[in-house]
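Each of the two complexes below includes subunit A, the first together with subunit B, the second together with subunit C.
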Partner chain A sequence: MNELQFLTWVRGTGLNIAVGLFLLGVLWRLIEIYSLGRKKDLSAPRHVAGASGWNTVFRRSIPPEGMVKRSPVSYLGGYAFHIGLAIVVFLFAPHIKLIQSLTGLSWPALPSQFIDLVAVVTLAAMVVVLADRINKPVKRFLSTFEDWFTWTVTFLPVLTGWLAVRHLLFPYTTMLALHILSVEILLVVLPFTKLFHAFTVFGSRWFNGAVNGHKGVAV
Partner chain B sequence: MSATLEKGVRVIKEVIDAPIASYFNSCVHCGLCAEACLFYTETGDPKYTPIHKLEPMRRIYEQEYTLLGRLKKMAGLSKPVTDAELKEWQELVYNSCTLCGRCSVVCPVGNDIVYMVRKFREGMSASGNAPDGIKGAAHRTVTIGSPMGVKLPAVKAQMKHVETDYGIPIPLDAEGAEYMVMLSSMEIINFPEYLGAIAKIMQQAGKSWTLCSTAFEATNAGMQIGNSDIARVIVSRIVDGAERLKVKTVISPECGHAYTALRWEGANLIGRPFTFEVKHIIEVLGEFQEQGLLKTDGKETDRLTFHDPCQLARRGGVIKQPRNLMNQVAANFVEMPDAGFMNWCCGGGGGASAIEEGEELRLEAFKKKKSQLEAVKPDRLVTACANCRIVLEEGLEHYQMDIPVVGLTEMIAEHIPEMEAKP
Partner chain C sequence: MQGPLIDTLALHGVSRRTFLKYCSTLASLMALPPAAGVAMAEAMAAAPAAAKRPSVIWLPFQECTGCTESITRSHSPSIEGMIFDMVSLDYQETLMAAAGHQAEEVLRKTVEANKGQFLLIIDGSVATGLDGAYSCIAGRSNLALLKEIAPHAAAIVAMGSCAAYGGLPKAKPNPTGAVSVSDIVKDKPIVNIPGCPPIPVVMTGVLAHFLTFGSLPDLDKLGRPKAFYGETIHDRCYRRPFYDQGKFAKTFDDEGARNGWCLFELGCKGPVTYNACATVKWNGGTSWPVESGHGCLGCSEPNFWDAGGFYKALSMPANPLRMAAGAAVAGAAAGVAVSFANRAKKKDAKAAHETTTLADLEKSEER
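Up next, the complex of A and B:
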């Protein structure tokens, strides 16, 4: 298989398989998790403004008082790479074109120089949070193979994408094919690892907000 | 697999619900929950990271409720939970967790970790891994009637004392009273001023109230060990008593977990909504204050601060009432750092104070309270939970800090004019 055939495969069959597994995986996992249900709370509720599932879905994006100081890298690094990923994935012109070809939806892109800068910041932030995971006793203690593995499969698409755009390391065709392949690996892995928090984070925050909101506590 | 382990695993499987599944899938091992836990912040030992305290439960979840986990289990690739492991986890699930819920309010993905610990305790208890100290308290509550072995005659003796001292009759089993007042053993034995305070406050407010001969003990060690069967027996007594006397409201005493057990878990334990309301005494006092039924004379002039019991504030939503009450009777009320919603636990909640072997760790964790107190240097410390009070007194004594601890209800009552108190 030469590089062009490789690119053709990842753009066609490879992409179809990855997207298919991703969609099926997400659907399966969501059913597997949320069909477990929960018992109705029979205690008399106390209603307080701001104490509900939806409030917590949004409020939990803001760090509680004093926490940034206790773990600055978690918060600053975390914000930087999550926002960075969102910008790079959804606001880079070629990505929007791909999404348009698949779904028909499109929106304005950001200038590619800006995306380039964001990609560098994202990569740097990810390296910093990795270093923090290695350095901080609690994070190192909690870390399993999955933590290192998911970091890698998240990092590679950003890195290969940036290298491809910059025409670095390998010829463009090869780099682009590697980039698409790394995204496909990420898609397949996502539903079955901690990366699935991308979906469950909303359910978890909602449950926490709803359970405590029932008591009139805005968490 | 031993019979008890089998039972424990079965119970854990039963308590796992959609929220728990969602929480386990959301955890990204960021470790921020550790920063919220006083057992980690004061010891620096990563094993006290709240989410780690649930590791056996997480594995059971994965092995039983996820496709990949089941496949791994079938292929013999997963590590089964063992008796020895659960035994080892006792320290993490009980001694070093007071169910304070700070972890649940900082987790960035929104995991309600304390919700999971509470459920995990059901399995720990079923597998015979609950600590003897709390097991004993739960057993005494069921067989004798209270965790400290207090029986009705002791309560009656206390009632008589208070009637003599305050000149106010203490009603027992008065049908149709508006309020049924509950006590904690701690109050019957160590803090009898509480009952006198209630008598004065109710008399001034002109409210009818009663104690109940079949349900005077409010604390619920069954909930603390995580045994819903025992917790249900204890709650049922109170429900039967309240329904027999046809009271409108049951007042939970100055005790955090009694409030949680009755106010939030009670109806779920008996499987139907209550026919009466449940309020913490501080909520009732807050209402009296708003309605102008709480008239006090004079103010404390020394420097006072308030320790929020976790179950009352963060887990119960009663935060502004104690402050309004403090301001009514204290001229020099100062707040500790993190006071209110984010207050740090005394270190002995959730049954932890009943675990003898956990004392050393508890005193280590108390350094957090010590530093909070050192920041404001109060003359006295006010709280609204008899268990917090005992744990605070022990900690203060250990660190040779001369700060008396008082209950908010009795402090309020001391400012109720004597003339009005006597008929």
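Up next, the complex of A and C:
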């Protein structure tokens, strides 16, 4: 298989398989998780549970008082790479083109140079966050294989994409194919690992908020 | 600088100075030192009289003659064409006067007289299906002809994407079993000059190199001269600033297209195509495909013919995602099945639940 065939494979068969497994996994897990339901709390609610749920959804995106100072890397690094990822994934012209060809939806893109800068910041933030995880004994102790693994499958698409756009390391054709392949690995892995929080984060926050609100602790 | 070539060139209104300039351009195109240009000019000009000119055999296989057209009609009076005056093009079916048995005789004699010394140029792919019966010349298959003649050549030039990589005849489902020259011939130096058709000056450059230095130029791992295939179309495209700014033409005649915006979304394969179009241009430097408003097809890359469609952007799926709908249904079904299983588990747990009474606790304390 030469480079172009490799690229055509990841754009064709590979993408087909990856998107298939991704959809399969996402629907499976979403239905499984949300159909579990919760045991009915028979006590009278102390607060309007729903409102507390919504409140928590937003409030947990903001660091609690004093935490940024105590754990700057987790917060600032976390923000930087999450926002960076969203910008790179959804506002780069070729990505929008892909989404458009799959769903018909499209929106304006940001200039490539800006995306390039964001990608570098994202990569740096991810490296810093990883270094912090390795350096801090508690974080290291709490980390399992899954943490290292999910970091890697998230990092690789950004790295390979940036290298491809910058024409570094390998010829562009190979690098682009590796980039698409790494995204495909991410797609397959996402529904079955902690990365699934991309889909569940707001739902679980809402539940937590609602349950706590019911008990009288509006958080 | 004197010689038969200079005389012929003069006859066509090409001055010595123009020729020298051409050679130095060629040398710089091929990333050779400036002195190489002079060396080339001298070597080519000094090409000895007809009898001793290096012999070239050009065999057309499964092809469309586009490659021959590209070279012979490059622009006139073409220096590229003139270069052929330095060699003795002994067999070229499209161009030669002889036909039938005479032509066959020429071929046989040329091989005989120049064993191990002639340059073999091939355009077109080699059909291997039905023992090569899909493409025959004078009752012999291309495959048999190649196997017979290649061992006697000094070196082989695979002209055009068909000879170099199989080309359009090799496109799925490849009914004729088309393969490239290098798939058949393993023990000869082969230089690939892909392109559909290839750029004439690349051909001349390789010939000039062979004549001057007696060897083939530096090749990349796909067998192409690095000097001409070292950079992508996209690397040198004049529309590149628009790509970087994210300005893309959406159709072939919208405002963006008229303003020269990037053709990426219209399917341009420039980013993955190594060729010299953007620098050398076509038709004597008049223009080139992307300049004339059409995206690059990727014609100098192996398998460009099966790379998912000429008008699909590189970022788009090469094929429709056929598994998506089925996978979504399967995923939903799995989710529902698991949720039923979970429910059953919950129900069982509930049923198995035994209420602990104070009496029970006391009992266990007694023990």
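What we mean here is this: the second predicted complex is superposed on the first by the 213 of 219 C-alpha atoms of A that agree within 3 Å, B and C clash if a C-alpha of one lies under 4 Å from a C-alpha of the other, contacts with A are read in each partner's own complex, and residues count from 1 in each chain.
Here is the rule we go by: a residue touches a chain if its C-beta (ideal position, glycine included) is under 8 Å from a C-beta of that chain, and two chains touch if they have at least 3 such contacts.
Here the structure is a predicted model, which means the values were calculated and not measured.
Q: Identify the partner contact of A:127: answer first if only subunit B is touched, second if only subunit C is, both if each is, neither if none is.
A: In the superposition, A:127 touches no partner, neither subunit B nor subunit C.
Q: Report for A:29: first if it touches subunit B alone, second if subunit C alone, otherwise both or neither.
A: Both: A:29 reaches subunit B and subunit C.
Q: Based on the superposed arrangement, let me know which partner A:2 touches: subunit B (first), subunit C (second), both, or neither?
A: In the superposition, A:2 touches subunit C alone.
Q: Quick one: classify A:98 as touching subunit B (first), subunit C (second), both or neither.
A: Second partner only.
Q: Could you tell me if A:48 is touching subunit B, subunit C, both of them or neither one (first, second, both, neither)?
A: Once the two structures are laid over each other on A, A:48 reaches subunit B alone.
Q: More residues of subunit A are touched by which chain, subunit B or subunit C?
A: Of subunit B and subunit C, B contacts more residues of subunit A.
Q: Is A:89 contacted by the first partner subunit B, the second partner subunit C, both or neither?
A: A:89 contacts neither subunit B nor subunit C.
Q: Under the stated touch criterion, which partner chain does A:207 make contact with: subunit B (first), subunit C (second), both, or neither?
A: After superposition on chain A, A:207 lies in contact with subunit B alone.
Q: Find the residues of subunit A that appear in the contact set with subunit B and again in the contact set with subunit C.
A: Residues common to the subunit A contacts of subunit C and of subunit B are 28-29, 32, 35-36, listed in rising order.
Q: Which residues of subunit A touch subunit B once you look at their complex with the stated criterion?
A: 28-29, 32-39, 41-44, 46, 48, 51, 56-57, 60-61, 63-67, 70-71, 74, 78, 136-144, 147, 192, 194, 196-197, 200-201, 203-209, 211-212, 215-217, 219
Q: Across the complex, what residues on subunit B touch subunit A?
A: Per the touch definition, subunit B meets subunit A at residues 16-23, 25-32, 34-36, 40, 44, 46-47, 49, 51-52, 65-68, 104-112, 115, 263-268, 271-274, 277-278, 314-317, 338, 342.
Q: Looking at the complex, which residues from subunit C come into contact with subunit A?
A: Touch residues, subunit C against subunit A: 222, 232, 234-235, 243-246, 248, 264-265, 271-272, 274, 298, 301-304, 306-308, 312-319, 321-324, 326-328, 330-332, 334-336, 338-339, 342-343.
Q: Once bound in the complex, which stretches of subunit A touch subunit C?
A: 2-5, 7-8, 11-13, 15-17, 19-21, 23-32, 35-36, 93-95, 97-98, 101-102, 109-113, 167, 171-173, 176
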